[in-house]
Amino acid sequence: MTLFGWTLPQSSTGRSAIVAPPPWHYSGEIIAVDFSAPVEAMAELLPEGMKPDPEGACSVVFADWCSSSDHDDRVLADPGVGQYHEAYVLLHAIRGGKNVGRVPFIWVDSELSLLRGQIQGFPKKLGQIAMTRPVELGRGGVRKAAGSRFSAHATSHGRRVLTATVTLERVADRLPRAATLPLVHTRLFPAIDRPEPAVHELQFGSITGFECGPVHTGPGMLVLGAIEYEELDELGPLKVGAGYVFSMAFSVLGGKVEAL
Amino acid sequence: MTLFGWTLPQSSTGRSAIVAPPPWHYSGEIIAVDFSAPVEAMAELLPEGMKPDPEGACSVVFADWCSSSDHDDRVLADPGVGQYHEAYVLLHAIRGGKNVGRVPFIWVDSELSLLRGQIQGFPKKLGQIAMTRPVELGRGGVRKAAGSRFSAHATSHGRRVLTATVTLERVADRLPRAATLPLVHTRLFPAIDRPEPAVHELQFGSITGFECGPVHTGPGMLVLGAIEYEELDELGPLKVGAGYVFSMAFSVLGGKVEAL
Amino acid sequence: MTLFGWTLPQSSTGRSAIVAPPPWHYSGEIIAVDFSAPVEAMAELLPEGMKPDPEGACSVVFADWCSSSDHDDRVLADPGVGQYHEAYVLLHAIRGGKNVGRVPFIWVDSELSLLRGQIQGFPKKLGQIAMTRPVELGRGGVRKAAGSRFSAHATSHGRRVLTATVTLERVADRLPRAATLPLVHTRLFPAIDRPEPAVHELQFGSITGFECGPVHTGPGMLVLGAIEYEELDELGPLKVGAGYVFSMAFSVLGGKVEAL
Amino acid sequence: MTLFGWTLPQSSTGRSAIVAPPPWHYSGEIIAVDFSAPVEAMAELLPEGMKPDPEGACSVVFADWCSSSDHDDRVLADPGVGQYHEAYVLLHAIRGGKNVGRVPFIWVDSELSLLRGQIQGFPKKLGQIAMTRPVELGRGGVRKAAGSRFSAHATSHGRRVLTATVTLERVADRLPRAATLPLVHTRLFPAIDRPEPAVHELQFGSITGFECGPVHTGPGMLVLGAIEYEELDELGPLKVGAGYVFSMAFSVLGGKVEAL
């Protein structure tokens, strides 16, 4: 029987596959904090051809995503499938004279996002992520407005890897760089019959429909945790900068690749 | 040493206790579906002195809560503590000639909510709950507006116990009854040295600051799952009615009790 | 309708209740590490009438439990209900001239255990716990034998609270004190209509059928993590002692109480 | 910088990668149940070149694994990394005149296993899995001996997908076929810049050090759950056969591949 499915598991219908092909659509609530790190430490995490931002600019980004898929209605329909949280470190870098972003470490709390990310070259691991979400009424939470404090944290392998806070002061007049840098990923899939990888290439996402709501900003707080499974501590000592809270949306149509 | 703490664990400072005393504040996003069940089945789940609504009116309510506590700043500050999801069955009932609500089954995904609920007489169990949340931008999710479909489900012990959908058609001109019925709970804490309970009493919450946003409504869909740990199936066969999506907030100041 | 159930939820049959009354039976695999702490720090966690062991003796105990219940067949039959992991701190103490044990902090990964524990006065919180389990064949794990290293860790609220290791050297000629100290608990259930607790009493478990297998012992390693929700750090600086790996079983018939 | 790591995330040291290359070692406790399904239904899940066993023989296998990795000490040392549960459906099939096994659906509760499996062509998804484990002492659990009942279940996306029970009667005189069939997997990694997959090939594991302990057997019970994310229901109606409880160990050295 010819089996179908963009990913495993395949079947005669294709409907068991974890991931359907793009287009994929994303609508998210973002909490981000800028920081600067020693450029030598950043360099240890950048692939050949990419140099650290000379000022050592970096960001930590938390996102509470709703996602959908043109080829799989269940992603939008089932909140247990399309919704997830994500937390990542973003190194601001330069490649071929252009500003780009590189994600050395990222955690998500969803199987779909984990595997969809690996296909794009996001080095996703599983984590437990919590983020302040604004409320519309009452005293149980905070509004997305000046004076509110938004917090977020991520845990992986039972260790707190990221803890961030932003105290909102005003609406910024431009987007944070963390929202605008085009990301350069590495797609990597090992072979099982030889040491060389089966797939090893740079990936540049084809993004469309980018939208951003008002960007609330104020002083940030950030702690990177020490953990035996990640080299987060290579990025210290940190100098923490501004934080941001905003809505963001875009679609991924696929990507371009370049051999490594 | 005199140890402090409204609940366990107690310590010399009291800061380890899981739950601090009220006031507690709640701000939530609600997805609810009305249904009617055989009144005999409802009666099997109601304590003495309470009769089923003669029409067999019942509701299922999902809530995405942010909560805070006047005596514990961490509940608001840490999104991993104050935020949680909840799903419950609500029987519309009559007690002493008045309309009241009774919650025979409820699931939450938070330790704090589980124990805070047990203290109030909510019969909370742990569950995994997912709810559609509206998005502000883009195509990754839906808006809280006519035409959108909101879904929610709850799983306990690896079994899907509740699955609900509401397709929004219009803004209702009044609150759903599920939001207005005063709840009558049973506080129950066993003794360990004798068969009779140490605490067994009715509890009526002291609620203040009740607010409700626009109530979006439309046809509902609901499935109650069979599970060996709950008597949900006693409530079938169901007749499913309207669904509702709205924001809600209130504060709990404590409660009154009445001996059983 | 008269509703039944030793705990909530109650119903006409009683079969929805989370916890059935004792007898309860426990069979577990234990990883424990002794340590000593400053006696002043221990005193901050002991109730009136209990004094710290003069040497500052304490233990950390991890347990991989299978449990069953005489009045609920599902606990034994469903591995998702009766099985769970537990991790706790044990203070060696003196009460009325006798050696006793006191558990100021404990984490479990099961709803049943959380609530069954609260009823006995164990101050249980939810946590994520991992423990080395011995294997019978092959190279995927270690044997319960000299030379093997057993590890265990517990995480609560996204923070590692306990990390322990024991390197087995020999079979001990007697039980570790952590297995033999009778525990003194505090049962505490708040009132909702007044500040004073509804239940506040010491609890002494009625234990029968205690069994212990060979106790493998060797040097221990232990780290208590700093966390905003527990006063673990009050117990430092630690002096870490021996570790133990053994099987243990007993039954709980109920308990005796004493007013506080 | 040249970045290292057999999988993502890569870094200058390689120690952040989720998966290290083989050899990998596995020691597990198995609960399995044989069943037969309509051969047409099995054919819908088999790739070209493979035919269903003419009797419709299939199995469901649950495994409680400890694993280790020659190139990553942390897998053995950290019980939160190397240990996991797995549940899968195994179709008995024929390829090129030989008996082989094919795994159309499989769930695990570990990130490491999920990705290590995808590399081998196991179509792993995340799930919640519980299995009876035997106890050494006391009444909290059962012994691996005649008269004991072992149970296991798996949940994915909040739906119970597999529920199995084996009541032990005797020690079998040979291995169950589920333990001996060589598995044929499909390695599949999508391209992001074109519809055709980047990797699509059959994989045959290179297994060594296979060991099996005494095989306890008796009548089995099995329920395959309906779920919108898997085609389990294609395999009904089932005829359930014998069940097995045994220890098993082996090592994976890598694999051979064949183009598709």
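Going in written order, the chains are labelled A, B, C and D, and every chain counts its residues from 1.
We adopt the following convention: a residue touches a chain if its C-beta (ideal position, glycine included) is under 8 Å from a C-beta of that chain, and two chains touch if they have at least 3 such contacts.
Keep in mind it's a predicted model, so treat the numbers as computed, not measured.
Trainee: Between 0 and 180 degrees and rounded to the nearest 5, what angle rotates subunit C's CA atoms onto those of subunit D?
Mentor: Between subunit C and subunit D, the superposition angle is 180 degrees.
Trainee: Between chain pairs B-C and A-B, which one is joined by a greater number of C-beta pairs in contact?
Mentor: More contacting C-beta pairs are found at B-C.
Trainee: What's the distance between the Cα centroids of subunit A and subunit B, rounded to whole Å?
Mentor: The computed centroid separation for subunit A versus subunit B comes out at 33 Å.
Trainee: Measuring from the mean C-alpha position of subunit B to the mean C-alpha position of subunit D, what distance in angstrom results?
Mentor: Spacing between the chain centres: roughly 39 Å.
Trainee: Quick check on subunit D: which residues sit in contact with 2+ other chains?
Mentor: 78, 80, 128, 130, 153, 158
Trainee: When you draw the chains as points and link the ones that touch, which shape shows up: line, ring, star, complete, or other?
Mentor: Topology of touching chains reads as complete, every chain touching all others.
Trainee: Using the touch rule from the top, collect the residues of subunit C that touch subunit A in their complex.
Mentor: Result: residues 128, 130, 153-155, 158-160 of subunit C touch subunit A.
Trainee: Write out the stretch or stretches of subunit C touching subunit D in their complex.
Mentor: Against subunit D, the touching part of subunit C is residues 25-29, 65-68, 76-80, 82-83, 128, 130-133, 135-142, 149, 151-153, 209, 211-213, 247-251.
Trainee: What does subunit D use to touch subunit A in their complex?
Mentor: Residue positions touching the partner: 1-3, 5-13, 15-16, 18-19, 21-22, 43-48, 74, 78, 80-81, 104-106, 111, 114-115, 118-126, 157-158, 186-193, 195, 198-199, 203, 228-231, 234, 254-257.
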